[in-house]
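Please find the structures below.
The two complexes that follow have chain A in common; it is paired with chain B in the first and with chain C in the second.
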Partner chain A sequence: MINFVLRKIGSTAIVMMVVAVIVFVMIRVGPGDPAAVIAGDHATSEDIDRIRRSLGLDEPMLYQFLHWIGRLLGGDLGQSLFSRKPVLELIAGRLEPTLSLAATTMTFAVCSAIPLGIVAAWQVGRWIDRAVMALATVAFSFPIFIIGYGLVWGFALKLRWLPVQGFRPLSQGPAPYLTHLVLPSLTLGLVFMALLTRMTRSTMIEVLGEDYIRTARSKGLSQLPILFKHALRNAAVPIVTTIGSGIALLIGGVVVAESVFAIPGVGRLTIEAVTQRDYPVIQGVLLLASLAYVLINLLVDLSYGLFDPRIRSIP
Partner chain B sequence: MTSADIATPRLAFSRTKRHWLLRGAQRHVTVVIGGMLITLLVGTALLAPVLATHDPLALNVAHRLRAPSAEHWFGTDNLGRDVFSRTVYGGRISLLVGLGVAALTTLIGSVLGLLAGMYRWFDSVIMRIMDGLMAIPAILLAVAMMALARPGLLTVVIAITVPEVPRMVRLVRSVVLVIRELPYVEAATAIGARMPRLLLRHILPNALTPIIIQATYVCASAVLIESYLGFLGVGIPPEIPSWGNILSDGRSYVQLAFWIIFFPGMFLGFMVLAINMLGDGLRDMLDPRLARRF
Partner chain C sequence: MVFKRAIRKIASASLLIAGIAAAACPALASDKTLRAVVNADLKIIDPTWSTAYVTIRHSYLVYDNLFALNSKFEPKPQMVDSYTVSPDRMIYSFTLRKGMKWHDGTPVTAADCVASLKRWAQRNAMGQHMTRAMEGYEIVDDLTFRIKLKEKFGLVLEALAGAEAPAFMMPKRIAEQPIDKQITDPIGSGPFIMKRDEWQPGAKAVYVRNPDYIPRNEPADYLAGGKVAKLDRVEWLYIPDNNTTLSALQAGEIDYFEAPPLDFVQLMKSDPNITVLTIDLLGVQMMARPNSLFPPFDNYKARQALLYLTNQAEAMQAVVGDPDYYLKSCVTYFMCGSENETKAGVVGLTVDIEKAKALFKEAGYKGEPIVVMLPTDRPQYQAAENVLIAAMRKAGLNVDVQSQDWATITARRAKKDAPDKGGWNLFVTSQGGPDPASPLANIWFNSQCDKANIGWACDEELTKLVSAWAQESDPAKRRTMVDAIQTRAFVSVPYVNLGQYVQPIAFRSNIKGVLKAGVPVYWNIEKQ
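Entry: the complex of A and B
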């Protein structure tokens, strides 16, 4: 088990290293010259050279890379080209809305998708299965903003139950905090739910066909313990894996949902950085988003031992 | 023996084959519905110059933000442009992006996947790079790539393709790893088939089904991501009426004039839905083993 854990941590570190290389190379081999972009349209070539020197872009590539990695490992993501604030500070200031939205979305999606997937697998081929699958395919195909504006139109503008947009920090009380999160997390959660429902259903269908399920049935066990104790536990590993790899989708979705609902989170920061071509901020967001994704998937890999004793006994 | 004697069994064979396909189509309603929807939407995109009632770029400030009417079927936007004409023309751009990304992803993904499946040293290098690419959320990566290059149709296609490639490489590689151990590949090697021939004549054709299915999903995802890039204001240059750009123009007026985003949004949703349904249906029809896995 310890070997298993160490190997997983090692491969996670390698993936992060590759991400760092990709992010570094991307900015430097892209057709746009950062120095020229910062200098603006009316800059002379001396201006561009001066900016290039001040950014260290005239140094040899390998030297730049090692220097950059050294600062990254020290927790220094550089500073914004425009506001001159440290990138880490800028991102930290936008974390609350983004993490809140991600957490509520995830809770909603997991709590709805797993029961739906189980019911669909249990009733496979019947109308309820078809209805669940149709809902999942539609939710997966329609763009987040169309679903979002649809919900806003219904629940915020017509029924007036919920606020149209914006975010309230938790420090202003739990009620406004939660009401502002309902529509964004419902919008984003539908997409994530669709993905998870499909995966839960197909895994459960496969598991329900196994011999030990037939044994459980022939022992006379009733439907519920078979579904939840015998089948779900054996379907847990692929389901949890899908939740983990879905984090990438969730992070991307958060960027769009924050734009739809005017939530001042990391996603909005990214879009602002992209329109201003604020390279250090773009790099910082890419690195931290990938780090979050990779760490969550490390936890997912390590959690397999909880569900499957066979993995615990891997030397 | 007359020629009819030989022809009869052949005919019988073709009839059973057609039966198999027909039965498949009946059983897989999704393929039929998906295919019909796609035909309809591709048809409107191709026939855009005939169907459009107005010039999609013509400004008419006097007619701005008009609700849908006989004159403007889907209403007009904030600059008085006809939303219906823009929507049908926008379908061409979105389809072009979808097909472009699907083709490019399939090409790059198949080449890298085939090589990774056949050569061990290449495998370890390329798969580490793919793991790294997969760790960066697709929309973020595409958005960041748009910041680096001059915005244009090709940039958008590349920005959407790069995050899609790793999954294709993984898929092709895993299929190749299975196929290369099959007896007929061994037989081909035994009679002296060399590498390029072995890959292109023996392995690639048998890996084609999962590649095609994956390519349909990539196409659906590309159409969706193009709309997200446009919506976020970092997509194709704003003067081109892609669905993403129409939606981006309409978002500031969503409470005043919902029709600017409603109609193109529906076209977009149904297009992605249709491609996904076609993909699901093709998967069920062509590859029952894969169907059980997902």
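Entry: the complex of A and C
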């Protein structure tokens, strides 16, 4: 197991180096110029050149890369070209909304999808199964922004139960924190819930047809231990894999949800940085997002061993 | 029984949700806090570093000006208490109001204002013109300074009062920072103080009332008069999605929507809780900017031909839709409704395909591609440009439409490369407020070739006429000179006026005192 972890950490370092090079080169060779955006709509060519020089953007790309890597190795992601605030500070300021949204979305999706998938598998072919599958199909088919606007219309504008937009940090109290997360989490979570429900159902149907389940039933075990102790545990590996890849999918969804609900999270920071060509912020966010993605996959790989002891013994 | 229990549970759950929702409701915000959604994210707080509108609007909250325009577009003293002009109009002497303080508590002095003017003049077009005509500044005492001219310049007060990029005053220690270094310390002497610790680029900026600000006694009038801050706190929120902003306004979560899309206006007008108001007395001028460096638009006849492919009513219909918010025809270069509005020398601005074809032929156009940059993320520019492109194609031009985002266009348009090597021939942009009404402050009108703005319009005769106009101090004479300037402009065509429209703002109906100041300002506003 230790060898496995060490190998993963080694490959993570290599992946991060490759990501750093690709991110740096891709955003530099792409069109656009942050100096032109900073200068504004009515700036002259001279204004833009002056800003470019003052930001060091006129230096050769190799020099800029080495300068950035040098600072990166010292743990410094640089400063925003626009606000002149440190990139790490900007990202840190956006983490709470994004992590909160991701956590509540995943909690909602997992807590609703797994029971629904189990019930659908247990009642396969009956009306409950068909109802669950219909719900999953509808939830999966609607674009996130349509679900979002629909929920806002119903719960915020008509019923006035929940706020339309914004985010309140937990430090302002649990009530405003949670109420501001309900609609975005539902919006984002419905799609993921649909995906996970279908995956849980199909895996559970497969497992429930296995010989050891038949044996358990013939021993007289009741439904609940069969479903949760025997079937679900054996179906867990593909479900956990789906949850892991779902977190990656979530990154794309978070961008939309953060925009629709005006949540100042990392997703919006990324979009704004890309739109304005704020190179240090784009580089910083993509690097940290890649690191997070690699770490999530590492955790998913490690979790397999918890559910299936045979995996632990694989050299 | 089971049913009753279920009802009781649902009722309890509803009460709990309602309680939580009430606890989270934004109505908790103080009654003297205005939550405004601005049209762009505030990322740069230095008005000499960026010409972005959002930076200028931020500056109006934080900084004050020596002079400001009133609703007749006349410069009126603001920080200045009194001023004199020598009989030969070569020495302007200004005395500041007593008791003014910077946000750090130090007194405002003449030396601070001179340093601020020097910083502003390095970037601002009017400031550069004024500096060229100047012998220098003289600081007389703590509150008095002079501007000494070496050659005539009749627009000193107009330059100091410019609306879209005025001279904002800041402490000397900040103003004297190198122009290449962005100011990060937003200390001014304006009616509001920026809470830098609460500023989150991409999310919000916060301003609180400046308790030391002493407003002028005159009532507020456009940008002039008393700047009375009646709000304790102004929160600028950046919500990138207009639908969300509208919903938030309808729900009362925000108070003020600075730039609602024009297709929302009818919906907002039907809501009694929302007021829609046009605060801009002049509006926005949309324009097509040809690149004068490369064929076909290096030839003035090709630029003239564009005048015969322009249908302002059609372009504005596409951009705005609601005829209440645009002019069907506005032929002047200098903003309809301004004192410089004139019809002198107007040619074209009605579609005449045959005439346009003939002019392109005279310009030597032989069917080479005309690269038009179409912004994918600026729907208003896109709409106006599409109308023009359709007319260009009707005239048989080989239009190469290249779609890209605005950030790409702003970088690409600054390049002087040939169109087939990454350059361009035409793009659409806009400018608003009183500045375009002035032949000198209208930056796209500048025709000083290499020194002109992007597109590099080049006309020596037009430049001479504008210089003479700037030297003239008699407003009546200047007015007649405008006719000659415009007549010449319709020959050399620095750009094509695609029409003029106004951008309304929207706010909750309990907000009172919103000023028609051209740019959104936050003094005089109160929440009832």
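Everything below uses one rule, namely that the second predicted complex is superposed on the first by the 255 of 315 C-alpha atoms of A that agree within 3 Å, B and C clash if a C-alpha of one lies under 4 Å from a C-alpha of the other, contacts with A are read in each partner's own complex, and residues count from 1 in each chain.
Following the convention adopted for this analysis, contacts are C-beta pairs under 8 Å (C-beta built on N, C-alpha and C of every residue); 3 or more make two chains touch, one makes a residue touch a chain.
Remember, it's a predicted structure, so these values are computed and weren't measured experimentally.
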item	value
First (chain B), second (chain C), both or neither touched by A:Pro225	neither
Chain B versus chain C as contact partner of A:Thr275, first or second or both or neither	both
Touching partner for A:Tyr149 - first (chain B), second (chain C), both, neither	both
Which superposed partner A:Arg198 touches (first chain B, second chain C, both, neither)	first
First (chain B), second (chain C), both or neither touched by A:Ile27	first
Partner chain(s) touched by A:Ile14 [first = chain B, second = chain C, both, neither]	first
Partner chain(s) touched by A:Gly56 [first = chain B, second = chain C, both, neither]	neither
Contacts of A:Val285 with chain B and chain C, given as first, second, both or neither	first
Touched partner set for A:Thr137, first chain B, second chain C, both or neither	first
Residues on chain A lying within both footprints (that of chain B and that of chain C)	31-32, 149, 153, 157, 259-260, 271, 275, 277
Chain B contact footprint on chain A (complex, rising order)	14-19, 21-23, 26-27, 30-32, 137-138, 140-146, 149, 153, 157, 198-199, 202, 205-206, 248-249, 251-253, 255-256, 259-260, 270-271, 273-275, 277, 279, 282, 285-286, 289-290, 293-294
Residues of chain A defined as touching chain C within the complex	31-33, 35-45, 47-48, 50-51, 53-54, 80, 82-85, 90, 93-94, 149, 152-153, 156-157, 160-166, 168, 173, 175-176, 178-180, 259-262, 264, 268-269, 271-272, 275-277
Interfacial residue positions of chain C with respect to chain A in the complex	17-21, 23-26, 41, 43-44, 49-53, 55, 123, 165, 179-182, 184, 200-204, 237-241, 243-245, 247-248, 250-251, 253, 377, 404-405, 407-408, 410-414, 416, 429, 431, 443-444, 453-454
Residues of chain B defined as touching chain A within the complex	128-129, 131-141, 143-150, 220, 224, 227-228, 231-234, 247, 251, 254-255, 258, 261-262, 265-266, 268-270, 272-273, 276-277, 280, 292-294
